[in-house]
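For reference, chains read A, B, C and D in written order, and residue numbers begin at 1 within each chain.
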């Protein structure tokens, strides 16, 4: 039987994959992809918990997360386009203008 | 006038604000007038002060944040009264003798604000108000050193500010904890010092709190090894800054010990007698030796301040009326004497633009009046009887002798090594032939300088011969404090150590 | 009578203030005259008081006002005129008056004439406070006051330059002044400790209260108090090892040497021991130590005087030696004899110094007796005065010194301390030798001063007349010994020779006399005909040792003064700057550096930030997990 | 039984696809695998009975968000391989692994305690979409509206950021516009 822990482990694994992406990627667009992975990982966990505890609150959270992800992508991609127009690249190594 | 204390605190500040509209040519006269009024107000406070009453007088209380027990709560007793008068006096005299011409208006306004904060510290009976004035006093001094100082002024002023600020933050933590404990025990918040006095704390709490307050006060005093900001601050500050710093600001630290540490933590204070006495003795001997090695007159006096503050610290922890009373008196005496000495150094600095002793020599021949006043102040500094310096030093050593004869003898070497460096300064600068051509044409004290120094000379001699009017209120308050401490102490050792004078009348 | 007390006390003060008014103006003779008159008034008042005390046998006690009152301590300005203090008052004011008048002549050409009188009168005022005070704190006021006046007066010619020790053993007046002040301060600490001991054990500093309470104190407390007070006395009275300042103090003007460093201030230590005799008589060990030290100093100082060539220094050493005698007497319990010798010594020693001042004046400030000789023709009266004073000092019968010094030597015999007695007798011989060596070298023999082209002249007449009372007293003071004994022993414990000593008294006197006359004879033989220098003797080790004061000043310089300066320098440069301050700056630097270091984290690269964020997040998660597991 | 099979299948596929997303050098591959992974995640939701959420996942994520990404990609050069220099791959995988372990531990911890009370219990016999609808429009009405507003704002800002003055730099001084215009006039 598949228990909650199975889901949580999968969720954690996916989250970690997302994290690896976040840490590894230097391209801003790819970073966005990685964050999407992490958001989805969390959604799985929420949905699973919601299911196993018969509580809808988890689903609600997942729902709102999707909403936020959508807004984030909308704004973020807008910014990416502006950046790309200005610098011609999305590579973080080339965008390090805030060096302290 | 019931609210004379508020007037005393805020009059200089309001006058300082009005000072912005005064024309800069008349700023100096304006400042002196304000300081003089303030000084006469402080004298008026003294005359209406009831010497027989050992408790707080002229108390004012306006709740500010009732939910947290913070209120505008001020009052004076015999211990703080004379420090207030001295602060007003030294501001007045300092302004009178001031030779600053650059941005004089800013200087006057800064000094008036400084006066507010100084008096505020000594009248505050609420820890928050106390802390407020305590920290505010840093700002004008930072400005005075940083804007009118010598070549290293920025370093010196930042060192002064950060060093003392770091200490007082630790003190603030201590204050907040006391308030917290008070809240836990009584269910109400209060920052009133008089409420805190009633708090009987367990010994381990007392020790931690004592340590927290100790850092705040010790850096201000400054106690060894926290003293190194002082020579820089004095070395770089303009004359007026040094005068105020030495005369009043340093006294905040020792006053804090008397006002907070002793009555609030009697057991911890008794337990800390030996460590503090050891530090005080190191201060006395070590800094006196360092003073002897200095080449710059002002640095000598700066280090001598530390040495004298060691005497004051020793007296505070003598735990008897002679020692503590002597300490409070010594605060006044050191304030006046070191203030005067700094002014005297300023006099020669204005003429030669150097403070190095090697540049001088034989000044007594060309500047006899200057030499006489310097000589009198020097003798007061080394504690000659019938000058103000003796009374305090004698009482302190006498008081501490009861605690430890050996330590008293070690501390008593201050009368020897104090004489060594002071006489060395005098000999190098005033005696011998005039070797430097530039010194041959020096002018003696002008009228402005004479008029600002002579009152100090008179006070030095008057209080040396007849200290009673000052000593009596101090003594009453100190005795009452000791009675209170003795009742409050929980350990038997502390009760044994705190010596209540036989002539005491009763508690606070 | 009370008014007289105040007149006696404050007339010198008024004199000092009056002179101070003119302190910065050029020389004005009337300042000297007014000062001298006020001192004379003080003397007259003291004399009347002395007569009053003598005739009624009662003491006068006045309290002017309260001085310090803190805790249980109350110190009034109280003045006590009893047999002891009135003796001191009379002696002090008499010598002071003479010295003041003398100074009008002596300081004639000095541009700081007025200032000098101000200081000199201030000194007398302090000395009067010292002797008249009715408590230890008041005594201490005077004690420090005379110290300061001595500092001012030794360094009176402050404008002189520092020279090497070889050129002038005192280096410079200002150096000598500072030395005197600092050495005295060392002793003053002892005195203060004594006061503290007394206060914490008795609860008061008033003489009467303290002395009444003494039987209740333990012997260790008494010993400590006696020792501490005596340390104070050692400094003021220049007892070994705090003696070096006294000879250096000869840098001051000669009237100062006469008044302060011979007649009055240096005897303050003896006065203290006499004043506090109830304490000292209850502590036989300390008393014996005092007597032994006194005897040692008497011999030690006399030995240095034997070879010295400086006129004033010889007298200074003899002062030191006589102080040793006084301490010997006081230590052995013969307080009234010590007091009597103190008074007699004040007269003849002041006379001797003033005579030396005349010589100095005549010789254009030359002090080397090897460069004098044959002065008796030019300075007849000075010769007579100095001769009389030297006879008194040498202890030749009928002169004052004979009675007082002989009594001390007898006391040493009477107490059974034969070693002390023997040393004192030998010292008496040495005293006679050096004082007459000086007289003969100065006034007899060939006129060596002519080589330097000096034309000596006698002092002003009024000066010589002013000195006459001292001369008279130097001769006749001894006859009042019996009356004096009767007078002061109303207060001081009487000291009588035992029957056994009484029987031997003629032999004892004869022995002392043989030594004294032998000394004079030796001096006459060697020096009266002229100076024959003995190269071999002068190069011998002992001679050099004595001439260099046993190298004690050099020792102090090498082992105290210089190391102190060196350690101070090291404390400042190495400890204060490099350790204490560097630690503080180090903390500041650490904070600054850590900020500077962490600045590198701010690469501007988002990817790096994300790494840091992840590290932080993982750490927080670990902490949360751990705390969840543990908690 | 089918549930187990589906779970493991989906798990393996999503993990694999996401790994491709994270590790691929080609943007197109990454995006495609991401979209595929999203679809499979909605499968999880359906298994878990969260039908509505699954639908939203498909519609919003796969439909809207991925479409946004695809459009955005048009602005970038998607054909080139992305060159990234990885300074410290060990740290990356260490951190990833560590966080995985820690998260698993943490998620596993509360499961052993069953003192969790459902706040908004599901109702027996009521469809998931209905249930969600009830709660969303009662308890979560305000957040829901706020989320709607937020989406609106995001949409507008996205349009403005990406669309406004496509031919000009947005960050440089606007006064440059006038210069460009004057230059045009001169020509």
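By our rule, contacts are C-beta pairs under 8 Å (C-beta built on N, C-alpha and C of every residue); 3 or more make two chains touch, one makes a residue touch a chain.
Just so we're clear, the structure is a prediction, and the values are computed from it rather than from any experiment.
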item	value
Chain whose Cα centroid lies at the greatest distance from that of subunit C	D
Per-chain Cα centre nearest the global Cα centre, belonging to chain	B
Geometric centre distance via CA averages, subunit D-subunit C, whole Å	99
Computed distance of Cα centres, subunit C from subunit B, in Å	36
Intercentroid distance (Cα basis), subunit D paired with subunit B, Å	67
Computed distance of Cα centres, subunit B from subunit A, in Å	63
Two or more partner chains touched - positions in subunit D	91-92, 95, 99, 103
Where subunit B touches two or more other chains, by residue	none
Multi-partner residues of subunit A (at least 2 other chains)	19, 23, 25-26, 93
Full enumeration of touching chain pairs	A-C, A-D, B-C, C-D
Sites on subunit A touched by subunit D in the complex	1-2, 4-21, 23-27, 29-30, 32-34, 36-37, 40, 43-45, 47-48, 50-51, 53-57, 59-60, 62-64, 66-75, 77-82, 84-86, 90-91, 93
Touch list for subunit C against partner subunit B, complex	23-24, 65-73, 137, 140-141, 144-145, 148, 151, 155, 158-162, 172, 174-175, 178, 181-182, 185-186, 188-189, 192-193, 195-197, 199-200, 564-565, 567-569, 571-573, 575-576, 580-581, 583-584, 588
Interfacial residue positions of subunit D with respect to subunit A in the complex	3-4, 7, 11, 14-15, 18-19, 21-23, 27, 30-31, 34, 37-38, 41, 44-45, 48-50, 52-53, 56-57, 60-61, 64-65, 68-69, 72-73, 75-76, 82-86, 89, 91-93, 95-97, 99-100, 103-104, 107-108, 111, 116, 118-122, 131-132, 135-136, 140, 143, 147, 150-151, 153-155, 157-162, 169-171
Touching residues (chain side subunit A, partner subunit C) in the complex	19, 22-23, 25-26, 28, 31, 92-93, 95-100
Residue ranges of subunit B in contact with subunit C within the complex	159, 162-163, 224-229, 286, 289-290, 292-294, 320-322, 325-326, 329, 362, 364-365, 368-369, 372, 379, 382, 384-386, 390-391, 394-395, 397-399, 401-402, 405, 408-409, 412-413, 415-416, 419-420, 423-424, 427, 430-434, 465-468, 471-472, 474-475, 478-479, 501-503
